[in-house]
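Structure first, commentary second.
Each chain gets a letter, A, B, C, D, E and F, in the order it is written, and its residues are counted from 1.
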Amino acid sequence: MFYTEDVLVMETAIDDMNPEFFPHLLDRLLEAGALDAYLQPVVMKKGRPGTMLTVLARENIQDILLQIIFSETSTLGVRLRTERRACLYRDFITVQTRYGTLRVKLALEGAGGRPLRYAPEYEDCRARAREHGVPVQSVYRAALLAAENMLKDEK
Amino acid sequence: MFYTEDVLVMETAIDDMNPEFFPHLLDRLLEAGALDAYLQPVVMKKGRPGTMLTVLARENIQDILLQIIFSETSTLGVRLRTERRACLYRDFITVQTRYGTLRVKLALEGAGGRPLRYAPEYEDCRARAREHGVPVQSVYRAALLAAENMLKDEK
Amino acid sequence: MFYTEDVLVMETAIDDMNPEFFPHLLDRLLEAGALDAYLQPVVMKKGRPGTMLTVLARENIQDILLQIIFSETSTLGVRLRTERRACLYRDFITVQTRYGTLRVKLALEGAGGRPLRYAPEYEDCRARAREHGVPVQSVYRAALLAAENMLKDEK
Amino acid sequence: MFYTEDVLVMETAIDDMNPEFFPHLLDRLLEAGALDAYLQPVVMKKGRPGTMLTVLARENIQDILLQIIFSETSTLGVRLRTERRACLYRDFITVQTRYGTLRVKLALEGAGGRPLRYAPEYEDCRARAREHGVPVQSVYRAALLAAENMLKDEK
Amino acid sequence: MFYTEDVLVMETAIDDMNPEFFPHLLDRLLEAGALDAYLQPVVMKKGRPGTMLTVLARENIQDILLQIIFSETSTLGVRLRTERRACLYRDFITVQTRYGTLRVKLALEGAGGRPLRYAPEYEDCRARAREHGVPVQSVYRAALLAAENMLKDEK
Amino acid sequence: MFYTEDVLVMETAIDDMNPEFFPHLLDRLLEAGALDAYLQPVVMKKGRPGTMLTVLARENIQDILLQIIFSETSTLGVRLRTERRACLYRDFITVQTRYGTLRVKLALEGAGGRPLRYAPEYEDCRARAREHGVPVQSVYRAALLAAENMLKDEK
């Protein structure tokens, strides 16, 4: 049903940096090839409200990402570990709606297999909603329905 | 004082699913044999307020739990690692209180050793509190006192 | 069962200050007479992980507290509102344990009434635990038992 | 588009109670008629990781809810304020799916007006998913599609 | 030292919406004139991990903002209250650094008064850092120093 | 640019302990030699608002730290893993300001290399601010400027 791969996990908890700097940090990490990056609230020693940064990446860009973290944050140490990751095979289809064309991401039951589930690409929905001046929910739901109909016909 | 064992840790951060679905997910994971499962708030890319799922389990049910996560959530990838776990030996005693019989969990100083500390079983307290129409705190405290007296007599 | 009073609530969300500064801020606010002060994680615009400060106080020290907030943080605006507060009447007793004397706080069923519940003063327990080199839990539990016995005898 | 009403908001921050007790507290508050009740993580003085409780209710049950909070928690004071609330008019429809009958909640554009949006009742979906041994997501999506078709026909 | 004004506070807790939709919501609220908007993690009934939305605004755009919230989220009710807000007077200066020109925001000791403190405009720093391929911290610190020197000369 | 070392990571999620006990626990862990210790909010099974404890340490004090965790908390199991940690080389300088002498921590570009960035020691700033009755921000900024001037002269 799924395949596995190795993924590098990088973590550091930061309590001495202006938090305005975090969104730029996440952008730079993702632009440099990180698979994902996110933040969590933590309570550090003496009751300081800090932020834990987690970054997922392929191992071959470890040093590039460390360079970014060390230059864009106040941290002096970043923890590193390698984990396995179980991943679903995925594919994209394109659907037509009254708001225009959108991509829908499919999670497959195996390599080249049938769709297990699907979800409209959020950033496509947001762009179409902006163009038409409608709520994102309306576009998202139209894309869901279009995907449902397209996939039903294929069976 | 403690023994160690291996435990599988599964993690995934989710930012594109109706959060109403999480409690059912936790229930299904625990029913399938997970040792524990919990959620943490995360801030994902573009400022999305997501949820990190962590599941602890024996390695032999990894694929059953992955199947549940992949069918009950929107995630496309679940991280896996094996950790050691240091555990206290534990035992149960049963105590009598004015609210009825309750179990109290003991943490022991070693296999078959003396109690290090103890805590009333919360779900027992809640059930007795419901029956008697009293606060859970009253039942919990009565169980603490009963355990204290029982264990003092044994010394 | 309870009495009511007015309380001033002050709030501001901060995303552009070194979080190391928060514990000193809370200390200064409490020293200046605030009834309580606490922090909550927030996600601010552009995905910035900020911190919400809440302070409770009597209205007559509003300006002193504002002065502290404006000089010790980066905020440019603090929200203010007056709320009612329903409070239990309270009292203290002193109990003897093998770890020494400790205060136990009582919540009463009305002014001068019977105890509804009670809780050992945490900072007393911590001090006694430090002196005796034992876990805080041991002292706390000893104080709970001593209070239970003292209050039972009074009935 | 919406109507307004008054709602009582009750809040208290708790840092000295076993957190196991919170779910029972929320259940009791909702059973007693609270409109909603929820919890938030807070960092209290001295770095204690506490929990903020918020309860929404009609003013006429204020004292019943205070009684529950004072008997089921460790708090000594609960803040109270009255707010306005802007509410959408709502209605329910019942839809047929391959998993059985489910309710779908409609938000209306005004009293007796057209549906603005709709959402399957989660607890209905969960019950149907349990009966059929399928993911909640499958039932939820089937209900969405059935509602879409029913509402489209009405136009 | 400060002036006060009225501010409308809008709040709603949401546990049944895809969290991908939140950043677009915040953007739309701010574009429509909200003074601020932020999110907090909450635990709602049945253990659902929801999100609390808070919006600050002038009262005259209340209905425009409610319209956005009702069309872009799943909520059926939004709480409203008016609070006072104590604000520092503020001003801007422009500083020259090796990375170019940036604005620095001043908080003043009173209307037209001396600077109490100052902070570089983060988005200016971010833009300059992008242009020069340097860490935001370097630009931010250069702006701090330039402001310090400019303000010292004025005394 | 950085060196790597091994670090032991210990984690446990706790939902059945009075949260007042956490700050003393962190103090004891740090006094016993832990490199860092922090807390995160978690939602545990049945919707309980718990706290995740993370401790970083050298492996040789694992058993001492486990002993503290098992005696000062309610947990029955602590997870253990070894991770690599990438660390910047660091150094201290002492600067003179109008508020007295303070240490400033330097992160270096390599062993014995040039300063990459620097940050005033927060606890030094706090002590000086207390002595002079000024905001911590004023002392912190004075230390930043003094460090900037000292390091500029060295080049």
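Throughout what follows, a residue touches a chain if its C-beta (ideal position, glycine included) is under 8 Å from a C-beta of that chain, and two chains touch if they have at least 3 such contacts.
Every value quoted in this text rests on a predicted model; they were computed, and no experiment measured them.
Q: In the chain contact graph, what is the shortest path length, in steps, from subunit D to subunit E?
A: Tracing touching chains, the least step count from subunit D to subunit E comes to 1.
Q: For subunit D and subunit F, which third chains touch each of them?
A: For subunit D paired with subunit F, the chains in contact with each are A, B, C, E, in label order.
Q: Subunit F and subunit E are one sequence twice: same or different residues at the contact, by the over-half rule?
A: Counting which numbers both chains contribute, over half are shared, so the two copies meet through the same residues.
Q: What is the Cα-based rotation angle between copies subunit A and subunit B, on a 0 to 180° scale and rounded to a multiple of 5?
A: 120
Q: Taking mean CA positions as centres, which chain lies farthest from subunit B?
A: E
Q: Of all the other chains, whose mean CA position lies farthest from subunit D?
A: In terms of C-alpha centroids, the chain at the greatest distance from subunit D is F.
Q: Once you count every C-beta pair in contact for both, which comes out on top, A-F or B-C?
A: Between the two chain pairs, A-F has more contacting C-beta pairs.
Q: Starting from the mean Cα coordinates of subunit A and subunit E, work out the distance between those two points in Å.
A: One centre to the other, that is 25 Å.
Q: Determine the centre-to-centre distance between subunit B and subunit E, using the mean Cα coordinates as centres, and give it in whole Å.
A: 40
Q: Can you list the subunit D residues in contact with two or more other chains?
A: 16, 18, 20, 23, 26, 39-41, 43, 45-50, 71, 74, 81, 117, 122, 137
Q: Make each chain a node and each touching pair an edge, then name the shape: line, ring, star, complete, other.
A: Chain contacts: complete, every pair touches.
Q: Would you mind writing out the residues of subunit F in touch with subunit B in their complex?
A: Contacts found on subunit F: 13, 16, 40-45, 47, 50, 52, 66-67, 70-71, 74, 76-81.
Q: Can you list the residues on subunit B that touch subunit F in the complex?
A: Contacts found on subunit B: 1-2, 4, 7, 9, 23, 26, 30, 36-41, 56, 81, 83-88, 90, 107, 116-117, 119, 122.
Q: Across the complex, what residues on subunit B touch subunit C?
A: For subunit B paired with subunit C, touching residues are 41, 43, 45-49, 117, 137, 141, 144-145, 148.
Q: Considering only the defined contacts, which subunit E positions touch subunit B in the complex?
A: 15-20, 22-23, 26, 39, 41, 46-51
Q: Please give the residue numbers of subunit B that touch subunit D in the complex, ascending.
A: Counting only subunit B, the residues touching subunit D are 18, 20-21, 24, 41, 71-72, 74, 122, 126, 129, 135-137, 140.
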